[in-house]
Amino acid sequence: AGKAITAVMHSDLRIIDPIFTTAYITRDHGYMVYDTLVATDSNFKIQPQMADWKISDDKLTYTFTLRDGLKWHDGAPVTAEDCVASLKRWAAVDGMGQKLMDFTASIEATDAKTITLKLKEPYGLVLDSIGKPSSRVAFMMPKRLAETPPDKQIPEQIGSGPFKFVQSEFQPGVKAVYVKNTDYVPRKEPASWTSGGKVVKVDRVEWITMPDSQTAVNALQSGDIDFMENLPYDMLPILEANKELTLEVSNKFGFQTLGRMNFLHPPFDNVKVRRAALLAINQKDVLDALVGNPKYQKICGAFFVCDTPLATEVGGETLVKGNGMAEAKKALAESGYDGTPVVIMAPGDVTTLKAQPIVAAQLLREAGFKVDLQATDWQTVVSRRASQKPPKEGGWNMFFTNWVAADVSNPIANLSIGGQGKKGGWFGWAEDAKIEQLKDAFVRASSLDEQKKIAADIQKEAYEQVIYIPLGQYLLPSGWRKSLSGVLDGPATPLFWNIDKSE
Amino acid sequence: MTNTILDINNLVVSVGKKPGGPKIIDGISIQVRERETLCLVGESGSGKSVTSLTTMGLLPKGTLVPTGGSVKLVGEELLTATDRRLRQLRATQMAMIFQEPMTALNPVVPVGRQIDEVLRAHTNLDAKTRKKRILDMMEQVRLPQVERIFASYPHRLSGGQRQRIMIAMALVLEPKLLIADEPTTALDVTTQKQILTLIRDLQRDHGTAVLFITHDMGVVAEIADRVAVMRQGRLVETGPLETVLRNPTMEYTRNLLASVPSLVPRSPREETREPVVLEANDLSKVYKERAFFGKGREVVAADKVTLTLRKGRTLGIVGESGSGKSTVARCIVRLIDPTSGGVRLAGREIADISRRLLQPHRQKIQIVFQDPYRSLNPRVTVGESIAEGPINYGVAHTDAMKRARELLELVGLPADAVSRYPHQFSGGQRQRIAIARALALDPDVLVADEAVSALDVSVQAQVLELLDEIQKRLGIAILFITHDLRVAAQICDEVVVMQHGRVVEQGPAAEVLTHPKEAYTKALLDAAPGRDWDFANFRPVAEGVGASA
Amino acid sequence: MSVDSLPQSSIPITSPLRPRFGFLTSTPIIATATVCLALVVVISIVAPLIAPHDPIQLAPSQRLKPSSAQFLLGTDAYGRDLLSRVIYGGRISLLIGIGSAILSVAIGLAIGLVSGFFKLVDAVMMRIMDGLMAMPSILLAIAVVSLSGASLWTVLIAITIPEIPRVARLVRSVVLSAREEPYVEAAISVGSSLPKIMWRHLMPNTIAPLIVQGTYVCASAILTEAILSFLGAGISPETPTWGNIMAEGRQYFQLKPSLIFWPGLLLSIAILSINLIGDAARDALDPRMKQREGK
Amino acid sequence: MPVMGVVALFVFLLLRLTPGDPAAILAGDNATPERLERIRTSLGLNEPLIVQFVTWVNKLLHGDLGTSLISNLPVMKMIGQRVEPSISIALSTIILAVIVAVPLGVIAAWKHGTWIDRFVMGLSVLGFSVPVFVVGYVLIEIFAIDLRWVPVQGFKSISNGFGPFFERIILPTCALSFIYIALIARMTRAAMLDVLGEDYVRTARAKGINEVAVMMRHALRNAAVPVITVIGTGFALLISGVVVTESVFNIPGIGRLTVDAVLARDYPVIQAMILLTSLIYVVVNLLIDVAYTLLDPRIRY
């Protein structure tokens, strides 16, 4: 039957419309089946993928030209119209896409292979948006699918990517199967992150869901599976000793973990109380509990991820140094906090989200907060965090989540930073006009230096208002059997092209 | 002298393995010879069953242990025989029939196969021969349609038929010894009569020695060649039937015989003009049984029963099992609702009034049940049980308890019994407590549903005496239900004979029981075992009649 | 024969209702079980006095430490003292076990008694009970817990609800057979009211089977709580229960088996003891068992 | 049938009256209230409860279980994909449990009061006291990782040959049987003890047939009814066990499907699953009723 890779991904695939949801596993699925117009390389630079582009001198017109040989999985050629429809569907729901559309005058297929995007005024993030490597990625799909309203899932999986989805073998929550798309014409350039030539060397990739990471580790050790995306940190010593395995971090920037407060309800509707909470928390405790391995954790006060162009530490001193507790107590006492219990949602079923609420709860208690730590599962958190009701009626005060670094590395991509409030804001619904102004300025900025300066201002304001609390960064080691070779680094996701398997 | 088949010599059976344990059987010696029937009699708990089980080697392992003496079957010692040897002897040399025909057969195996098992275990016959032999045996025990019954499950057979199957099973290999442990106690008198005749006939044909266990003196008179009387694990008296019945040497035996009520009705009491306290008019009860598939079954358990009871009198209802006696009683006490007809209690119609309206009338009619072991709540003290009724009707607790003490004394129990629990009393004592409870409400009518049927004759005699005495003293009316004609003859003023839910004959006891008009009543009387014997006077009835005539 | 010459009972006055705890020491095994259970209960009650550390106090830098003088059994993945957590864990686990036993028995008893006596209620109630019984209990529990949030109460309720129909059915069957007992009919005929009959004559009959059922529920509730924790629908991860210590510890199964071993051991001891005591109680309360010895 | 009605109504109300929003789960991050509202509408969650219920029941009566809110697949198909593993485990567990437990129970009853009896009973109580996932892990550690006799996880359909099927199903079966064996062995023993006190057993002994025949032909057959009953009621227990076992051994069965669905608020799937398991339960108990009539000629419906 040819070469087949069996992989356990970080979670189970259920929703397979990569525009409909932001779930990372759905994004990963997207990279198998779909392709993008342009893509990000390992230097955060945008490279051509399905299309090359030209920018007019006034920076108002972007012309994308599709390369030759692109075909949908059903055999039809890829047309510019398909891509326009795809871009529109994506832009209707994606944060960066929406921003882009605010600046866009028109987007049209000028001929079968040409897409013309006209801006109302110059906008610095056109390519960064269309080529963004993580959720939601602007994947291209046939027009008939792309015309599905974004609030409905697309009915079938037809892309132009390097793998084809085997619908008949798809079992949500159990497995998803991809086979090599033999019609795919890779680019000539070497692969670099999501850009470059996507050369598929195996015939079949199976994603298997294992809800229990212990089971998955067992399976990796015994050779039942070839690849495991996320290894539990505590198993590393055992796995490292296993000669049959390669352990590596393929996403070098890792993830940012963060805590978010609900701005609508007491006590966190009061900025002084939020400040006190910020002071009480330190990243080391969180990371120690979450990771517990200096090799894979990084204390970092930057909202936009350390070691990236926009990184700065301004404002996060106590988080980083861990010396804010005394101040926190004082601040809390002065804030007028009346003892309203802080409802923290604590999901028990996601390994990378279990520790944060528990550690935070303890630190907040130490500072004088009353904390009501409510155990749930992640899906419940997801559903509950969307509720704007007060905690007593099924709402909440604080939850934690993780972003892949690429998703937060600039103020536009970073959904969690924003000040749109109850209407368009992210869960927690912070209302902050200043941040919104700064973000507008950021997209108009013409140089990196200017962007850096604005980003620093945003961060300062974010810390001041405690828009969210960055809790540090961590890296997730993946593991695979030595029979696999050519596993690529990625910005966010394991990439299954270029991997070869020996028997 | 014919051969001795079973020779029990100085047998001792104790509880537990240690020799010091209490002795259940204490040195009894019994011989049964070929073609002979030895009746083993004695009150409940005297050790009759233990004796028979010891012989069969079926004593519960570890709890009851033979600790002395010997049991020989045709000269072979059984107490020291191996399990294997005992298994070989069972069914081939000795066989046993048990009391309860309803439970002694495996409910999930067709009866033919159950008999077949005996043949398979002990012979090498092929299937055809075995079946032939079984059918033959089934015919000998006078079962009808043997082919059909062969393939039937036990629940499709009547009690009598089941007991016949048991007998066929026991005799199919022509054992030398047949032990029958109360084989007819659970059966109707008419069926009992058939089974007894059957055993006697088979014994004659096969030359079997029979050890027949019973507590019914009537049965003894019917079937025994010799009699052995047991009491508390000891042998009181043995001897040929005539000798024991005519000239019992021991006091205990005399008492036992004297307690057997006579079939000859007691001399009738004067007719009274006392008011009628209880009347049933055309009382009917139909039980509807719901079924999952098919139509439900309807049982007409009582069919237009009419009866009248006057103050201070005793009315007996007699009839075979299933004739509807209890149904009538329950309808009258309104434990169940009659389907139609009326019940008048002291002039008030109570058959169809609501349970709430019934409440004040309940105290006027009280009931005593058959089973002395189950009619008292084991978790409630005797005193509380008795006082429950008065308390329900507003008597203060202390007064009710005082009354309970008085009542206990009235029924011949110490007053301090109030604080004890039922399990601390014997069956007879419990029945007295039940009577005390019924009396606690000063009822006009006392319904006694087989109130003495479960008791030993001696105890039975005491309870009957008690009822009589109470009636004299308090003047209450008694509705007395029994299947035992002897009892009916001794206590009732009037008798109602029931069959299939209908009253077939009714009249003064002396009249009905001596000169029955209906064939059914005649048959009933005919079937009463030992009806030719007047036990209490140690002579055949004929002699008594002759003497007094 | 005179009435007065009847043999008087010489058995001392004992009440069949008064609890007889003699069976607790009837065999060495039961005695051991009793002692073990008592120990576990006492440890749980006095947990605050004997636990060396605060079971909730995190020390992320101390995670997964092996046994040492400071942490006798080592620490868990958050650097919390395992010994203290195991000691405290018994509190919630036993509370859930006992609580769910008491709740399900009390509610089931009420439903069973009433259904056993009223045909109409019975018809409706038993349909509902059948429905509840037919639903897979663990799924029901997960649904209740994850839909309405995990707290001690929701977990307790989620575990208890599926047990109720079993208890109710049991009580009902006992009542249905007991109400045919002559002594119940006797009580009716002396004019006792329904509540009185239920309370005094029917209810006591259900005690023996309920004790058995209760111990069974208790044991299975403790297990179910563990399973709920395992499936991620248990009580708050801060609050230690044997179940969630194990559920958390399973990720470190190969690394530090003691995380599963110790709570598992205590859990097994407790359940084993409860089961044994339940069996012994049944034997002690069921007169038929004694009879059977003889057969 | 009324049972299923009760179940249907109960489940529906339970799900709709408790908080949780499948739309939010579907939409993921940056879901604005408007977008959530639109998704809810497109899923039909904004209809009045009674309309939703009637729609659902109506579809149900036409054999349509609806479409998963999350994966957008027909529920029927999702369940269809998952049935085989669960049924396989359930059946193999029952078979194994009966094969092991019934003889154990019979022996314990036969040797009533001896150390054999105590040993068997002790073992079965132990079976009750260890959570199934612990048993599972220990089995995996020993037989799959250390000894490498069998694969760690997964399921292979029997259509791939008996060998692969068997080696993957044996560990879960053993793990799950543990508690079931305990249950059945105890019940068998108790039922046997009851039966051994019956008159007909004494009759059988009086016939002089050997003990094995007494045990098997007379006692066991009569003890079968309560034993089978417990197998039936234990079925609910089995379903719980299956859920956990499926997680531990990563078996794509209906247990996990349901747990996942509950967590994701995938109402149509939860409803269908609980209804289905209830139906199975009802059917199993119906079959058991039929078995009664075969085993005991006295029982007729």
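We call the chains A, B, C and D, going by the order they appear; numbering starts again at 1 in every chain.
As a convention for this text, a residue touches a chain if its C-beta (ideal position, glycine included) is under 8 Å from a C-beta of that chain, and two chains touch if they have at least 3 such contacts.
The chain lineup, named per UniProt: B = ABC transporter ATP-binding protein; C, D = ABC transporter permease.
Predicted model, so just to flag it, every value in this text is computed and none were measured.
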If a chain touches chain B and chain C (ABC transporter permease) alike, it appears here: D
Inter-centroid spacing, chain C (ABC transporter permease) versus chain A (mean Cα positions, whole Å): 47
Inter-centroid spacing, chain B versus chain A (mean Cα positions, whole Å): 87
Gap in Å, rounded to a whole number, between the CA centres of chain D (ABC transporter permease) and chain C (ABC transporter permease): 22
Multi-chain contact residues (two or more partners), chain D (ABC transporter permease): 19-20, 113, 137, 247, 263, 265
Set of chain B residues in contact with two or more other chains: none
Residue list for chain C (ABC transporter permease), restricted to those that touch at least two other chains: 146, 232, 250, 253-254, 293, 295
Chain contact graph, described as a line, ring, star, complete graph or other shape: other
Interchain contacts (touch definition) - all pairs: A-C, A-D, B-C, B-D, C-D
Contacting residues of chain C (ABC transporter permease) [partner chain A, same complex]: 56-58, 60-61, 63-64, 77-79, 146, 149-151, 229, 232-238, 244, 250-255
Parts of chain A lying in touch with chain D (ABC transporter permease), wherever the complex brings them together: 12, 14-17, 20-23, 93-95, 135, 149, 151-153, 155, 170-175, 208-212, 214-216, 218-219, 221-222, 224, 349, 377-380, 382-388, 394, 415, 422-426
Complex interface listing, chain B residues touching chain D (ABC transporter permease): 56, 58, 62, 86-92, 95-96, 98, 100, 103-109, 117-118, 121-122, 153, 155, 166, 169, 291-293
Footprint of chain C (ABC transporter permease) on chain D (ABC transporter permease) - complex, ascending: 2-7, 10-11, 14-15, 18-20, 113, 118, 121-122, 125-126, 128-134, 137, 141, 193-194, 196-197, 233, 236-237, 239-240, 243-244, 247, 258-259, 262-263, 265, 270, 273-274, 277-278, 281-282
Residue numbers on chain C (ABC transporter permease) that touch chain D (ABC transporter permease), as the complex places them: 29, 127-128, 130-140, 142-144, 146-148, 162, 166, 219-220, 223-224, 226-227, 230-232, 243, 246-247, 250, 253-254, 260, 264, 267-272, 275-276, 279, 291-293, 295
